[in-house]
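Let me begin by presenting the structure, written as structure tokens, before commenting on it.
Every chain is named by a letter (A, B, C and D) in the order it is written, and numbering of its residues begins at 1.
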Amino acid sequence: MTTVDERARELTPPSTPALRLRGISKRYGPVVASDNVDLDVNHGEIHGLLGENGAGKSTLMKILLGLVQRDSGTIMRGDTLVDVHDPQDAVALGIGMVHQHFSLIDALTVWENVILGDTGRIDRAAACRQVEEVSRRYGLPIDPTARVERLSAGERQRVELIKCLRRDPSVLILDEPTSVLTQAESAELFTVLRHVVRAENRAVILISHKLAEITAATDQVTVLRKGKVVFHSATSETTPPELARQMVGRDVSLRAEGAALGMLPVDGPAPSGEPPAETPPETPAEPAAAPALRLRDLTVVIDGVTVLSDLSLDVAPGEIVGLYGVEGNGQSTLGDLLSGLVLPSSGAVELAGRPVELERPGALHRAGLGIIPEDRHSSGVVLDMSVAENLVMKSIGDVSGRGFVSRRKMHAVARHLAAEFNIVAPSLDAPVRSLSGGNQQRVVLARELSAGPGVLVAAQPTHGLDVGAIEDMYQRLRDAASGGVAVLLISTELEEVMALASRIAVICSGRITGVLPAAEATAERLGMLVGGVAA
Amino acid sequence: MTAPSTGAPPGTGRRLLGLLTPRPYGWQTPVATAVGVVVALALSSALITLTGGSPSASVQALFQGSMADWTAWSSTLLYAAPLLLVAVGACVSARSGSFNIGQEGQVLIGALAAAWVGLRLAINGPALIVIMLLAAALAAGAWAGLSSLMHRLRGVNVVVSTMLMTFVAQQVVAYAVNMPWLLQESRVGNAPVSPQSNPLPPSGLLGSFGEYPGLQINGGLILAVAAAVVIAVAITRTPWGFRLTMLGRNPLAAKHAGVRVNALGGAALAISGALAGLAGAVLLASPVGVNRLQPGMAMNIGWDGLLVALVARNRPLAAMPVALLFGVLRSGGGFLAATGVPSFLVDVVKALLVLAFVAPPVVVALARRRRSGGRTAGARQEAAPVAEEAIA
Amino acid sequence: LTGCASNDATAVKAPAAAGDSTADAGGQAGQPDVNGDGKVVIGVLSPGDINDGGYYQSFVDTAEKFATSQGWTLIKRGSVNTSDALNAARALCQQKVDLIALGASELRDAIPASEEPVCGNTAWYVPSSDNIPQTPKIMLSVDDANQSLLAAGYAAGLLLEERGDKKAGFITGPEVDFTQSAVRAYRAGIRLVLPDATVVTTFTGDLNDSAKAKEAMQAQISQGVKVVYPYLGGATNAATELANSAGVYTLTPGTDQCASTKPKFDVSVMFSPGDYFASALESFAEGKLQMGVKKVWQLGVDPYPTVKLCGDKPEVKKKLDAFMADVGAKKFDPAAEVKRLGS
Amino acid sequence: MSAADNISTILSSGIRLTVPLAFAACGEYLAERAGTMNISLEAMMLGAAFGSVATASATGSATAGLVAGVLIGLLIGLVHGNLAHRLEVNTFVVGLVLNALVLGLTSYLITISSFDSHQVSQVSVPWLRDIPLIGHPLFVERWPVYLLLLVVPLTWWLVERSRWGLELRAVGEQPQAADVTGIRVNLRRRQALLWCGALAGLGGAYLAVGEVGSFNQNMTAGRGYIVIAAVIFGAWRLGRTLLGCVLFGLADAMRLALPALGLTMNSQLLVVAPYLLALVAMLVFTTRNREPKSLGQPFVRGST
């Protein structure tokens, strides 16, 4: 490893940008993922990259990394024109990236993962030493000999960072690094980044959907829309509303904007010394009849880890209950459980007062529970089946007669739903894969609501949706509730929960740490509950 | 960063399925295939010339033995029937996402069961052949079901277990035909007996329509075509097939949608085994073989049937012409050997031709992807046509 | 015009076809060109590897030699799967062969083809060991494996006796009926000479797995076995070479290999299909090969089967020849002896 | 003969039967760790056996034959690798076709040629060979046997300690992640197949010019599949895989030697034993966790 001083010398003069992109374009068939993008990234700066889903942020970074080949354009590293054909080239150019997916090998240890992709002999002792050194320098504690499969999400994130920083990249790219971190962890991360940039004169590209993060952490900011650069500014000279407008191309309502952009005050965890106010027990707006959905003492253990412990929650008909918490606290397992993918080791789910036999496939659906799963690609839709097929997936019996699926009936149902839910698709026979994220989500929503459920569980329903789609989704959830459906909204976005829910339950480490009526919920109180402070 | 996922990862099967469906590309695939065949034939010719044979005569013999007249067609169809049965079964399991490669053994188990019923149950009349076919399907279905059970109980990889079970099946049959109390042929005088069963009684044979030298259609072919049609309809038109496709393409979503993943996956594997078992019964009871159980009687029909399904991209109807093609290779190859071309060389020619049919679609797909620039792009873009086609 | 052309073609062909059928009538018993197409084609099917340098190859070699000398065409096909026998025979018939010769009785399931119209004008030569029913369309060539193996055992016994030893070996492939009965006859033969001799038998499971055959041979050699019968296919040579290096006597599985030096055999046991086939081919050339008959080969009477000593041991040779003559003269019943001494 | 001599004989025989398996197993183990289920192992061994005998006969040197065997194994590995990990033809199909092709080709070529027999020479280690019981089996062997002393540790070192092996393991586990990290997944898999081909070739060549001295049709007789069973039995660990080979080799040796000692066993049972043992091993031990997670799956960048 070169020392910091050496690099600092090497990298002067700072006047030349570390990275200069000119006219980068990339098409995927009809989709222009990158449209003549120009971008300068300077040493000693954090450069924020903003944009809606599908704006082309990841594509641009993949081009930089050699994972995707650009159609046209030039890349300059310092003063030289370079070509990046594969990730090895990128490494040689000193470009490192912390990926969102697919970059750690579970079966290997931390140190093995960290040196993966290097060249030369393996020196275990040296590697461990380096891991420890890097982890000390940046405050990212980790055991170099641990197997990655045993690590938590946050720890994995640390490994990713260490792996990247150890390569000593002069350009560091982070693609949505905070989505699985607690606020405290995010704050730590930004401290590390500051250090990296200020003291070590590196260039950092930070991709995020969260405006607050961008405004707090970056020096420069670039906004992409539909593959084009639509806005560039020094961060200090712009404001979050301005950025939001640039991203979506119009003014957005404050609520939706806040929810869509994740504008959480990033002021760190609440001071822990002060004892939290005692939260009153759940008080539904009107003391309704029997709850439509009752979760009773649910405990789920996966691979020896208790992911949910004694989780209890009621949702009354006509009510929207928000389940709020930082990602990785058991929400996804709860979603899986309510999708029938995971069985609890103890506890029960009651629908309209009757316990559901969770072992029976499809029992929840039959008992009247509709669900919008968190990861629609993995369990919500079958990407390679058609829109129509996905729409009738759960009620295939209803569109069959005499043992055969009736294409006619299927199309009739699908046409009706597509019209009602504004699903835009090339055709009903087109695979769902060809739909945009928002429309894929509408397919799921349409399917679930069309079954006339008594309970609707929406897990991260607006993830990956643009503002218009978010507004639509909100309206549909409210409509469903006012129609008497009990809605459980599982979300990591505070603004979203605040915007929709009449009661807010907070989940932390697999248990409910408190339930507040929306009126009493403030960011501070929720923040404390999220941190597990009020048990 | 990977968020800890709680659900099971999408199965191996699905990814294999993706591979089992080389993507179609208009005119390019046929052209590439033609080029492949020409290359294979050229290589074969070179080899044949080396032995002092005549390549043109060999091509002619291939044709003569397989398509030149009704007799040749009859023999081609005889081979095509068991191949088609195996292939249709392979389509079912591949669609469900569990990749069965143990057909060669399942064919043998089917033949074993059919032979046992045919020789040991004193039934006369047409009931016998029906019971034989049922027994074959049941036994081989159960045999394949064992792999499913192992997957379910202990997570044993289906590909690995079906492969290993093939070798077990071979020894089971070898054992059965060596034990007089099981199925070994009866001794006449003091002449030695071979490791094979007695020939089946006439009521245990599959009848044929048509007479030599005209076109002869054996009951096995009718069975195979019926199976292909039924399975094709079941896969594409029934709720069951709908669930099966869902399972194969996204097991998690299927489970979420209320599909009983284990039961359906197991059923698919058992059905594919049962169809392979039927193929074994057809090998046993139709004139394609010698109507007795022999350890070598599977004659690679299981492996080749798997190839048929693969070339047909797991569509039972498309498997029909492909099975016919493989039937042509077999009957033509047999005829070629009868012209004096060494039979090992015939095997080489067949292997080269199989490569010629399997490789070109993939080459075309790859060339496409290379040309389209984005290396990441390929998979995503190509997925669309596959899906449409599979559903159509 | 095209119509005319095709008419011409059929018109020309018709008389030729008529000529064919007249030739058939006389052809069956009169000349080697049985089907009367103007050339003689012999088709040979063998269940084994026709290049094994032994048993199966002898059949093809004989046919080849004879066919060449007569200017006939020979079509040979080895390693025919028994399940594929019928189809293979049919395909040969379509090649218009005049004589189909099966290399071994394993292929007997091909015989039904002789009744089919495809094979209407074809002579059939079928070697057998007794349980193939005679039909009017085939010529059976029958030998009694008991006799040759008994004599082989007798020869082995004599060699053991001469060495003053009592331990003999037998190595073969799969444990199936024909190998088991071979063991019994061999053992009986040895015990005719040495009533208290022991015979060690190893089944390697595969007639062609040379490495395993060698290991079996090695094990027998280290157990002090002095005569071993490698009753094998492709693995014979590898095992015999090992025996040679240990000075252990060996016998050939079917063919005359006395001339061979590497490996070297001490006794040639001759019962290979080629030996019998040669005489059938001779009668065929003369047009005297008759269908519907059975030729039984008798040890001690016919030239084959027989057992020949390769080395120069007049004493042993005399006793062996006397034994075979006794069998030929029906002085005793080989089957009964095998039953008595074989197990 | 004393009991010790008998044991010593069986041990010798077991070692000779194990060695070709062990060479090929080292190769297959490495290929499977990289994610390829290499069915064409049989083709590699058989092709190499033929090539080695042909070359030994032509050059008069058994050692040259050994080298030729390795080269032929490499060639088949190259073909398999390029078809399966460049053209993305299903690896099982490639394996099946290659097996048929090589079996046909060698069976055919042996019919049109004849070869002298050659065998590599034997090494007898002074002193050590006199150790009772194991001295003779272990220290009087044909010299390529001692190559195992090199190949086994080298394979282990390559997989477990070298950077290449680390990358192989990554590729066999999570190819997408490995790719993002900058490892050329399909290249690594092709390289693993080359190593596998070289070692399977060495095993096949050893069988031909080491053990037997000549070639006969289908002389490997399914040893490739036994090796695959051994790797499964060994739960994708080198030590246990080799243990499996020794077990299968010794079982064969006992089967072949025991009749000479007056004992017999059911042969069918012994023939299936390797496959049954592999199945049982998978059922009894939860080998699933140790199975390379992407075993048998093709890698296509961008697909999941």
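Assume a residue touches a chain if its C-beta (ideal position, glycine included) is under 8 Å from a C-beta of that chain, and two chains touch if they have at least 3 such contacts.
None of these values were measured; they are calculated from a predicted model.
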Please work out which of A-D and B-D is bridged by more C-beta pairs in contact, and write that pair.
B-D
Centroid distance [mean C-alpha coordinates] between chain C and chain A, Å
77
When the centre of a chain is set as the mean of its C-alpha atoms, what distance in Å lies between chain A and chain D?
47
Mind checking the centre-to-centre distance between chain B and chain D? Centres are C-alpha means, answer in whole Å.
29
How many angstrom between the C-alpha centroids of chain D and chain C?
37
Could you list which residues of chain D touch at least two other chains?
107, 111, 271, 301
Which chain B residues sit where two or more other chains touch them?
10, 178, 342, 344, 375-377, 380
Where in chain C do residues touch at least two different other chains?
79, 174-175
Can you list every touching chain pair?
A-B, A-D, B-C, B-D, C-D
Interface residues, chain B side, partner chain C - complex:
64-65, 71, 75, 178, 184, 187-196, 199, 212-213, 283, 287-292, 294, 296-297, 299, 331, 334-335, 337-340, 342-344
Partner chain C, residues of chain D touching it in the complex:
1, 5, 9-10, 12-13, 16-17, 20, 107, 110-111, 117, 207, 211-214, 216-219, 221, 252-253, 255-257, 259-262, 267, 270-271
Chain A residues within the chain B interface of the complex:
26, 28-29, 62, 67-69, 71, 98-104, 152-153, 156-157, 160, 177, 179-180, 300, 302, 307, 327-328, 332-333, 336, 339-342, 361-363, 365-366, 371, 373, 378-386, 389, 393-394, 396-397, 400, 403-405, 429-431, 433-434
Residues of chain C that touch chain D when the two form their complex:
49-52, 79, 169, 174-175, 200-206, 208-212, 214-216, 218-220, 222-225, 234-235, 237-238, 241, 262
Which of the residues in chain B come into contact with chain A in the complex?
1-8, 10, 237-239, 241-243, 245-246, 249-250, 252-261, 373-377, 380-381, 383-384, 386-388, 390-391
